[in-house]
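Which chain is which? They are A, B, C and D, in the order written, and residues in each are numbered from 1.
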Amino acid sequence: MDVGLLLSEIILAGAAGGLLLAEAFVPRLAKRRGMLLLATMSLVASAIVLVPRAGATATSFSGAFIVDGFTVYFKLLLLAATFLVLLGSGRFLDEVEDRQAESIALVLLATAALMLLVSATELITLYISLEMAGLSFAFLAAWHKHSDRSIEAGLKFFLLNALSSAVLLYGMAILYGITGETQLDAIAGNLASAPTPALLLSVSFLLAGFGFKVSAVPFQMWTPDVYEGAPTPITAYLSVASKAAGFAIVIRVLQTALPSAQQEWMTLVALLAAVTMTVGNVVALIQTNIKRMLAYSTIAQAGYILVGIAAGTDQGLAAVLFYLAAYTATNLAAFTAVIEISGRTNSERIADFAGLHQRSPWLAFALAVSLLSLAGLPPLAGFFAKIYVFWAAIQSGLVWLVLLGVLNSAISLYYYAQVIHDMYMVPGREAAPTRAMPPLAAALTITVVGVFGLGILSSFFMGAAEAAARTLSQ
Amino acid sequence: MVIPMELLVAGGFYTFAAAAIAGAISLIIARNVFHSALFLTLTLASAGGVFVILGADFLAAVQLLIYVGAVMILILFGLMLTPQDVELPNLSTPGQAISGAIVAAAIFVVSAATLLSAQWSGTAAEPSDVATTEQIGVSLFTTFVLPFEIASVLFLVAMIGAIVIARER
Amino acid sequence: MSQNAWIVAALPLASFLLIAAGARRSERASAWLTIISIGLGAGISGLVLAEVAGGARVQQSFAWLPLSGAFGLSLGFQVDPLTATMLVVVTSVSLLVQIYSLGYMRGDAGYSRYFAAMSLFTFSMLGLVLANSLLTIYLFWELVGLCSYLLIGHWHERPEAAAAAKKAFIVTRFGDFAFLLGILFLYWHAGTVDFTGLEQAAAAGRIPAAALTVGMLLVFCGAVGKSAQFPLHVWLPDAMEGPTPVSALIHAATMVAAGVYLMARTSPLLEHSATAMLVVAGVGGFTAIFAATMGLVANDIKRVLAYSTVSQLGYMMLAIGLGAMAAGVFHLFNHAFFKALLFLCAGSVIHLMNTNDMFEMGGLRRQRPLAFWATTIAALSLAGVFPLSGFWSKDEILAAASAQPLLFAAALVTVFLTATYMFRVIFLTFLGSPRGHAHEHPEPVSMAIPLAVLIVPSILTGLLGAPMVGNPLGSFLEGQAAHAEFDPTVAALSTAVALGGILFAWALYGGGKTEPAARLAAQFRPAHQLLVNRYYMDHLYDWLVRRVVLGIGWIANRIDLGLIDWMVNSVGAAAVAAGGSLRRIQSGQVQTYAWAFFAGAVTLAVVAAWPMLMGTR
Amino acid sequence: MPPSLPPLYPITLQHGLLLGAALFSVGLAGVLAKRNAIVILMAVEVMLNGVNVTFVAFAGYLQPPVLTGQVFAVFVIAVAAAEAAVGLAIIIAIYRLRQTVQVDKADELRG
């Protein structure tokens, strides 16, 4: 039993515990800057511990826990996302002044939970990590507990999350009944070569449960409400970290445990992908609140990512991995810009972004770049991500799905461009330009550079994604 | 007259199962939330009985201790902390309630039909009745030590969050 | 070093990024970043050239957009004699122009912006030179066009400058569009866009002859746009609205040479199509004489030089079309130096007089002796007078053309015209008595040094291709011992013609007088008008744009409004309507969401089991 | 193979599975039909019990016997307890703001 494999998660949990203890016993020392420093240091330390593990596959805890290229890829993505979210959370932490330590600690614990989830290769471990992450998110969504909207978001997330895990659990129970196993690879070993109706029922329930995590239609309905109501940094965190881990576990379960039903799950995922991207884009067209619009946009993005999973090949997986990296950078750039913009104007209405270009050119530029990347315009990250995913799908014969995807991208350009149009073309009211807090500015710069870098140097990052995807299929 | 063991088991199972389902249905029908809570207790306790019959004695104990002992108390506290008109409103709008019932029925039909038609390879005629407590205890600290440890952190998360969200300030 | 030749291009990119990132706040930092980066680049280019001369060749590419199957795009660079030569030309001329700009642009409001754009331009041009595939070249090609737009429009508050920038951009777009089509066309037939791959495919006959001709002609269209060949030459004279160092660097020495470079680079392909070669040679020869005639009557000193550039680029195209790639590049090489020198001298007198009109200058020999002597040497070189650099390359082209009587005649006439308009410039500007008012301010040293330095290559670089030293440049470029086609008769003839042109200029404008020229103009009034109005080409384009294009546009607009708009609007309206109804489902009721969730789960289960229920699996 | 009801006795795996499905569905009906958030929480507990019955049934009847299903059920109970605490905390917070725990009143976020 190699506890060392868990070190990166232990560091985060330890830092969270340290924060709570510091706040309880030496409140004078627990200043925001110090706490953020500790948190980011723990993230960095965790990443440093992880990187050397990328080369080899190691399992521990009776095969319940795995560290390989695939998990390291996702964990580094999660750590980077958490790091950037923390950088951009200054305003949020000001607003929850009396519970700063708990806020940061919960984010760290949620990250640890997602990292455990990514590494879980056994159903019980998977379930309990998932619940730990879900409960953290429910709290974080409700963290502005004096705000009607935040607490409503928390309630909705909590209830639907509980239901989704119930369905997931039912699917796991059936899978356990069929195979008598909870280890993913043992499940695959015990499955008959042809799927039975019971297995398909289980697969459907599992997909529904995971569909909730990744916001696939029709399991996505919590997404816009929670994204709108939750504190914006938490929304940013949910939209990237939770989603990335959700996709990681979908891929892990489908690939490792259910290869015998591959033909069936490919059909189901393709169906989900088609519905998800279409509904996401079409409803995004008529949104007036930027966070809601971005929520529907993330739903649409989940649809594109599902296209890559539906391809069912190594190439599709690599494309999904790359897509998630591109998506993380892009969405974080967008949300970080939105945090700052809406914080200044005290409004999340898209109409109030008018003339932003004059007031804060850098913010407007960052938001415009991220939106164009989401729309999939070259040479930004989103463009290459879409190319890779669509190409993999074409190679698997899913031409109809790719055509739908391209049509959807065209539709999406409309609402993304609308925001840019408002920012650049519509004169806005005068407001004194203010300076963003340095950490937030840094987060914004890093993400925008990422959006360009992942695009222009896509082949380099795609190479990493391919290597990570290969470790899974071995 | 010797009543066959099988019959005893069957009688117990049906009794507990009926009580569990009746409790669950009554939970929905009850107009008073405190009554709902009591029916929930009935369902949970009956489920514990089913566990015993299915050979899960340790689990039955856990069910009674945690569910009936802890969760029910928690729910009752919750009910008392949110005083309101406990009688009304009861069900959702008819449309919501009926469509909900239809979907629930569909879930039942689909899962029951699938599970009943399936071939469960190598199932025993009757549940094994070895003592499970020790086995489960050992496996919790060997095979499943990781989820066990994660569960402890999960409780930490629940504790921090609940304190922060539910406290007055 | 040649393994890492990309550093040469990366340096100015780094300086551009640094300026953009913050160095722009300091004018001094912006300028010196640019100069140092290009200076280092020039040094490295020299090393690369030395290595390549020693036999080094580099070919590197990486998959930029790796897709499985037959597709996927790669980017890369290569180093061979042609690249190495061009690297040296671009970096050295660019370096001197940047130093010159230090003084010339002093006090300009957009000083940092100017140097940032210059850095970006140099990067793009170097990237273009290093490219190893048509696709890579195209990317930098577009970037070069963008920089040209930025630099021509540097003084964007002047309407002429803004209009000229737009004109340059739009006119070259026509060529670029054809170029892109050509790349796609060649890719379609050869399955690759790498130069080596294309050459192999063409050599192995894997590209059908007709396809190769069409593809190469489309590629040539791109070169026509960028190198301002007839009939897309109209943008270059207008581009003189940019600052003079810009004109020197990008509209004389480097960027416009990109078209010639492209044709030189693809000449192994071109050689497989006699038709394409003939077209290239014909367009080049015609442009040479055509532009030279317009240079005879222009009054704006920079415009004369611009026409001269167009004409000389025509020469180079002519050489490449005749299969004398090395001669064309040799001329490009020489031309880069003496034309940059001419422009910088022009900049020097413009700086002094604050006007471009030569009829408001005169007698500047005393105030700007260095510029006078430099101009004279460069003009003699341009006219092809022995033994200056232009003589050797021009004679090689003439010798190559001697088999084609028509082209040879055009080239020879051009020599005469070239000598005439160049000495017209010298007589009007530097000799005679002053006709305008000079703002007496001393020339900054930073402007004088590049002039002095550039005189040297204007005299000497011809020796690199001189027959008596064995034509080292030609051998280097051709990759085999090339003997210069030197024909004493042709040399004597062209020199005589050039001297005749100079004498003719003397007869018309000698000593700064203008009356004989005016008399001649009156005598041949229609011809003169034709030239002054630039063969009415701009009018023609204007008319075309206004009548034909706008007419077609009007019709297209009707169709667009009536049909396409309707379709787009309908789809949009349908999408919005669908969004509206889906939005109503999003009622805010958590139980509705839960309902949808379970309905979805059941649906998935039914869909999954459907084939089994139907018995198809 | 068409689904068929198990014999009245002896009690088999199918009996347990049927009970599990029934509890799961009745709980679901409660979730979808009740308004009071706390009652919905109770209904979720019923659903989880349905799953647990399924787990225990499998664990009891599968051959060779594997107790993993029971262990899984232990964890489900543990998580259910934590979930109840979390849910009640959020419900109390929403009650403090709105003086109601009806979920259909929480529809400020929509569209």
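Just so we're on the same page, a contact is a pair of C-beta atoms (placed from the backbone, for glycine too) under 8 Å apart; a residue touches a chain by one contact, two chains touch by 3 or more.
Quantities reported herein were computed from a predicted structural model and do not represent experimental measurements.
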Chain pair with more C-beta contacts, C-D versus A-B: A-B
Distance between the centres, which are taken as Cα means, of chain B and chain A, whole angstrom: 32
Computed distance of Cα centres, chain D from chain C, in Å: 73
Where chain A and chain C are represented by their mean Cα positions, the distance between them in whole Å: 47
Centre-to-centre distance between chain C and chain B (centres being mean Cα positions), rounded to whole Å: 79
Junction residues of chain C - those touching two or more other chains: 583, 586, 588-592, 594-595, 598-599, 601, 605, 609
Two or more partner chains touched - positions in chain A: 124, 127-128, 131, 135, 138-139, 142, 145, 154-156, 159, 163, 170, 174, 177, 197, 200-201, 224-225
Touching two or more other chains - residues of chain B: 92, 96, 99-100, 103-104, 107, 110-111, 114-115, 117, 119-120, 143-144, 147, 151, 154, 158, 161, 165
Graph class of chain-chain contacts, one of line, ring, star, complete, other: complete
Residues of chain C that touch chain A when the two form their complex: 62-69, 71, 572, 575-576, 578-580, 582-583, 585-586, 588, 590, 592-594, 596-601, 603-605, 607-609, 612, 617
Contact set on chain C toward chain D in their complex: 583, 586-591, 594-595, 598
Chain A-facing residues of chain D, complex: 17, 20, 24, 27, 31, 37, 40-41, 44, 47-48, 50-51, 54-55, 57-58, 62, 64, 66, 68-69, 71-72, 75-76, 79, 82-83, 86-87, 90-91, 93-94, 97-98, 103, 106-111
Contact footprint of chain A on chain B as seen in their complex: 110-111, 114-115, 117-120, 142-147, 150-151, 153-154, 156-158, 160-161, 164-165, 169
Chain A - residues contacting chain B, complex: 1, 6, 13, 17, 20, 61-62, 64-65, 98-99, 102, 105-106, 109-110, 112-113, 116, 122, 124-125, 127-129, 131-132, 135-136, 138-139, 142-143, 145, 154, 170, 174, 177-178, 196-198, 200-201
